[in-house]
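A, B and C are the chain letters, set down in written order, and residue numbers restart from 1 in every chain.
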Amino acid sequence: MIKRRRFLFAIAALLPVLAIYAWVRVMPIAEILRLSLHRWDIISKNKPFIGLDNFRELLGDDLFVTALTNTAIIAFGVLAITIPLSLAIAGLIHHRTRSRFAGVWETAIFIPHVVSLVPAAMAWKWIFDAKLGPLNALLANVGIAPRAWLFDPVWSIVCIIVLCSWQALGYAVLIYLVGFKNLPKSLYEAAELDGASGLQRFRFLSVPMLKPITLYVSVVTLVSGFNVYAQAFVLASDSQGAPGRQVRVLVLDMLENAFRNYRVGYAASEAVVLLCIVLILTLIQFSLLRERRRS
Amino acid sequence: MIRYRSLVNSLRDIKIASSDASRLNSPVSRLAAGIAGVLALGASTVNAEELKVWSGYPELAPFYERVAEGLSDKYPDLDIVVEAIPLREHEKRVALGLSSGSAGAVVVELPKSTASRYLENDLLTPAPEDVVAAVKDSGNYGEFFVDAASFGDTLYGVPLFRGQGALFYNTAMFQEAGLDGPPETMAEYTDYADKLTQRDADGNPSVSGWSLRLSGGGQGIAEKFWINMFQYGSNLMEESSDGLWRATIDNDAGRAAFAQYLDNVHVKKNVTVEMPADAEAFERGQTAMFIRESWVIGDIAAKAPDLEYATAPLPVGSIALPANLFVSAEGDVAQAAWDYALASNEAEHLVWMLDNVGWLPNRGDVDYSSVLDVTPALGAFVDYPEGYEFFTLPAIGPIEEILTRVAATLTDAFANADLAGNDSGIDETLAGLEADVNKILDREGLLAE
Amino acid sequence: MTLAKHESTAKRGSSIVDATSPVHRMPTRGRLRTRLTNLAIDALLAIFSLAMIMPLVLLVANAFKTPAEMLAWPPTVVPDAPTLANFRAVLGDTPLLRWIANSLLFAVLSTIAIVATSSIAGYILGKFRYRTLSVVFAIILATAIVPFEVYMIPLYFQVQKLGLLNSTAGLLVGYLVMSFGIFLIRQNVIHSIPDELLEAARIDGAGELWIFFRIVLPLLRGALGALAVLAFFQAWTAFAWPLIVATSKDAYTIEVGLALFQTGYTVDLGRLSAASALVLIPSVALFVVLRKNFVEGIAATGLKE
C-alpha cells in the first residue's frame, strides 16, 4: 500500500513537469516533422500534404546548398581550430596549475564564452573593419595591405570561424581541465622517471587518455557550429546601415523561408535536415566511444 | 503599356494644382465636404477601445500620430496606438496577426504586392460606401492608385503615399568636375561617374562617382537593378495574360544594365562593394550621386542640412510603389478605422508628410506648392517630364521570394570580377536568373506560357 | 564523483583542478630549467589571455571615443579624449535599459522554471525506479539532442496562437525546461543521495513532499547552483528565439535589440559600442561573481560522460 502511494506521488509530482515538457519539447518536434511533409504559407487555412516534395526541392535549391556548405565549413573550421588549441592551452594551464595565475588564465579564456553574443560579435566586426579596424592597422605594420575582410567571399567565412572559435575555446579548455584532473598521476610519475619530457608525456599519455573528452567536445562544438546564427547575423549581415557580405547559414535560410517567403513547410524540411545532421554526428560519437570502451 | 500611359496622365494630376482654394466647386472642397460628412456620421460611439495603426516605416510614426491626434476629439474614448516598425518585421507581424485573427482592430499600411495574399484569403475588410465615394468617385486619385488599393473591382484600401525613385546628386562635386547638369542618358551616368570618382594615391576610389546598390537589404538590390533595366527598356517580369507572369531578364536591357554595373565596379572602378553606400554615404560626401526614393530628402535635412545637392528625374522612368491603408476590424471600431484612413488623407496631413518625412502623397488635388518652394528637391518626384514611365512590383504572392533570390544571385554576380566584359558569362548569369524566377512562378502556378 | 569535491579545491588563485609536479624532488639545475619553462609558459598564457579579452577591451574603449576619433586611422586603443556622450545618447534615445530589464526578467524566470522542473523530474526519475518512468527518461534522452533551432518554428506558432508574442511569457515558453538540467539532477540524486537516507526518513513517518524539500533539495544545493547559473546564461544569451518572438521595440531582449541596432538605415559605431559595453559589464560582473558555480556547472556537463 505504501508502495502504491509512492508510485502515485511520483506520477503526480512528475506529471506537471512532463506536461510542460511534452508541450514545449515533444510536440513541436513532432510538429516540425509533420510540417516538413506539407505546404503551408502561414496565411491560408489549408495545409496540403505533399509528401517528400519539399526535400526534393531542397536538393536542387542553390541557396540551401550554399547555406549547408557554408554552415558545414564554419562548423568544421571551428572544430579544427578549437580542439588542438584548447587541448594545448588546457595542458599548459594544467602544468602551471599551482601558480597563482592559473585562475586568471582560466577566467580570461572563459569570459568570451559567457558574455552576450551580440556585443562580442560587434567587437569583432569592428576589428575586421576594412577602414577602421585594428586588424588592418596591425597588418599594415607588418607590410600586408589592408583588406575588406568581411566583404570577401572566403575571408568573411574565416572571420566567422575565428569569432566562433574565440567563443568556444573557453568551454573546451574548461572541460579539458576537468579531464586533466582526472588523469592518473601515477602513470605520469612513472613516465617521468623513465625520462619522458613534458612534451612527450603530453603527446603519448595525455592526448590518448583524453580521447573521450575530445570526442565529447568535438560533438558539442560541431553541433553548435551547425546552429550558428547570431554570429553570422551580426558579423556578416547585409543590412543597409552596415553592409557586409551576407554569409548564408542554415538557420538563416530556414528562418528566411519561413518568415520572409511564407513557406513554412519548406523551412520545416530544412529543420529536419539539420536534425538529421545532428543525429548522425551524435551517433558517430556514441559509437566511437563505445568502441573505445570495449577496446 | 496602356496602364503606364494612363498612370502618367493621372500622376500629372498630382502636380501642383494652381491654387485657388476659394472655388467651392473644386474637387478639393467636394472631398473635404465628403470627409466632413463621413466624420460627422461616425459620432463617438466607440468606448475605451483600441485601434492599432501598423506601419512598416518608422519615420512615418509622427505622421500617423498627428492623424490620430486629429481624431481624438471625435473619438475621445478610442485609444489609437501607432506601431511603426522596420519593414521586414512589419510584414511578419501582419502575416501572423491577420492570419491568426489575433491582430484586433487594425489599420494596416501595405503596398498591393504584399497585400494581395491577404486580399486573396479574405483577411481584409472591403471599403464601405462612403470610403468608396471619397476615393473612387471623387476622382482625386489617379486610376493607378485606386487600382493599387483594390482587388478586382472592389476597393479595399485608401491610397496614402508612394515610393518613387529619382537621382540625387552632389552639386558641389558636379561643379568641381566641370559638369553643369545631371546625366540624362545611361551612357552619361557611366561617363559622369568616371569624372566624379575621386581616387587616393593608389588609384582606389575614395569617393564613388555613382553609388550603386551592390549589397545589403534583402530585395533592395533586385529593385535597384530593375530600375536600371527599366531605363534600358525592359522590366524584370512581364504580365502576359491576366494574372500570369514571365521573367524577362535575359535580353538586351538586362545585358546592358548588368554590363554597366560590372563596368563601373570592376573595369572603371568608380565604386566598389566595400565602399560606404546609399544615403549615408551621400550625406557624408562619400559619393557623388545615387538613385533612391524621396525619403532621403528628409534624412538629408536631418543629418546633413548643409549638403549641396539636387534631384533629377531618371532618363526613362521610375519605380512607383504605392502604399495604402487597409483595415481589418469589426463593429463600431471599424468605422473609426475607416475614418482614420480617410483622415490621413486630409490635405493638411499630406502636406505635412511631404514636408517633414518626404514620402509622396498619392492624392492628386492637394496644393503642395508651399512645400516645393521650400524643398525644391521634391521637384524631381512631382515635376517629371512628358512621357515619363512608371513600373511597380507585381502584386503576386511570391514576389518577395523572387526578389530576394534575384538579389542573392546579383550580390554574388556583382562581386565577381571575372564577369566584366565576359559576354558569355553575363549571358549565363542572366539566363540563370530568368530560369530561377520562372521556376518560382511555375511552382506557384503563375507562369505564363 | 561529486561536485562537493570540486568545491573544496576551488581556492582563490588556483584553478579548480589540481595536480602535483614533483618539483621539490629535482636537482638544482633541473629546477632552474623548470623555472624557465614555467616562466615561458606563463608568458605564453599571459599573452594568449590578453589576446582573448582584447576584443572586449577594445569595444569598451570605443564606447568612450568621440565620433571623430572613431574614424581615426590607425585606431587607438586608449581614447585620447574620453567622452560620455555616447552613453548618454544611447541611454536617451534607445530603450536600452528596458531591453536589459526584459532580458533580466526573462533570464530570472527561466532560471526558476528550469531549476524547479529539473529538480522535480531529476529526483523522481532518479529515485523512483519504475518501468514507466524509464520509458519517460528514454524519451527525454531522445529529445535532448534536438537543437532548439530545429523545432522553434512550430513552438513559435504555439506562442502566437496563445497571443503571447512580444511578452516575457512568450519568451519563456521556449525556455521552461532544460533536458540537461534533468540529467544533471538525476545524476546527482543517484550519486549523492543514498537510498538508505530516504528510507530512514520514510520509516520515521516523513511525507514525500517533506523529504523532497527538507532532505533532497538541500543536498542538491551545489548542483542546483550550477544549474541555475547555466540556465541564467542560456536565457541571457539566447538569440534566435527572442529574435522571432519579440518583434516590437519595447519587447526586445538585449541581444536582439543590439543586433537590430545596426539594421537601421545608418549605424553609429560609437553608440553601438557604448550600448554593447553597457551590456558587457553586467555579463562579466555576473560571471566573476558566480564563477565558481559557473565552472562547476560547465564541468558537470563534461561529467555527463
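Basically, contacts are C-beta pairs under 8 Å (C-beta built on N, C-alpha and C of every residue); 3 or more make two chains touch, one makes a residue touch a chain.
It should be emphasised that the depicted structure is a prediction, and the values quoted were computed from it without experimental measurement.
Centroid distances built from C-alpha atoms place C farthest away from subunit B. Compare each chain's C-alpha centroid with the centroid of every protein C-alpha atom shown, and the nearest one belongs to A. One finds 15 Å separating the Cα centroids of subunit A and subunit C.
For the pair subunit A and subunit B, the distance between C-alpha centroids works out to 41 Å.
In terms of their C-alpha centroids, the spacing between subunit B and subunit C amounts to 45 Å. Shared contact sites, meaning residues of subunit B that touch two or more other chains, fall at 92, 96, 278, 280. Along subunit C, residues 263-266 each make contact with two or more other chains. For subunit A, the set of residues that touch two or more other chains comprises 239-241, 259. Chain contact summary for the complex, subunit C toward subunit A: residues 1, 12-22, 37-38, 41-42, 44-46, 48-50, 52-53, 55-56, 58-59, 62, 70-71, 73-75, 77, 117, 120-121, 124-125, 128, 130, 133, 136, 139-140, 143, 145-155, 158, 173-174, 176-177, 179, 202, 208, 212, 233, 236-237, 239-240, 244, 254-256, 258-259, 262-267, 269, 272-273, 275-277, 279-280, 283-284, 287-288, 291, 294-295, 298-299, 301-305.
In the complex of the two chains, the subunit A residues touching subunit B come out as 41-45, 62-63, 130, 148, 150-151, 153, 238-241, 243-246, 248, 256, 259-263.
Put simply, subunit B touches subunit A in their complex at residues 88, 91-92, 95-96, 98-99, 117-118, 121, 123, 215-218, 220, 273-274, 277-278, 280, 397-398, 400-401, 404-405, 408, 411-412, 415, 436. If you check the complex, the residues on subunit C that touch subunit B are 160-161, 163, 165, 247-249, 260, 263-266.
The touching residues of subunit B, when paired with subunit C in their complex, are 83, 85-86, 89, 92-93, 96, 100, 102, 278-280, 299, 303.
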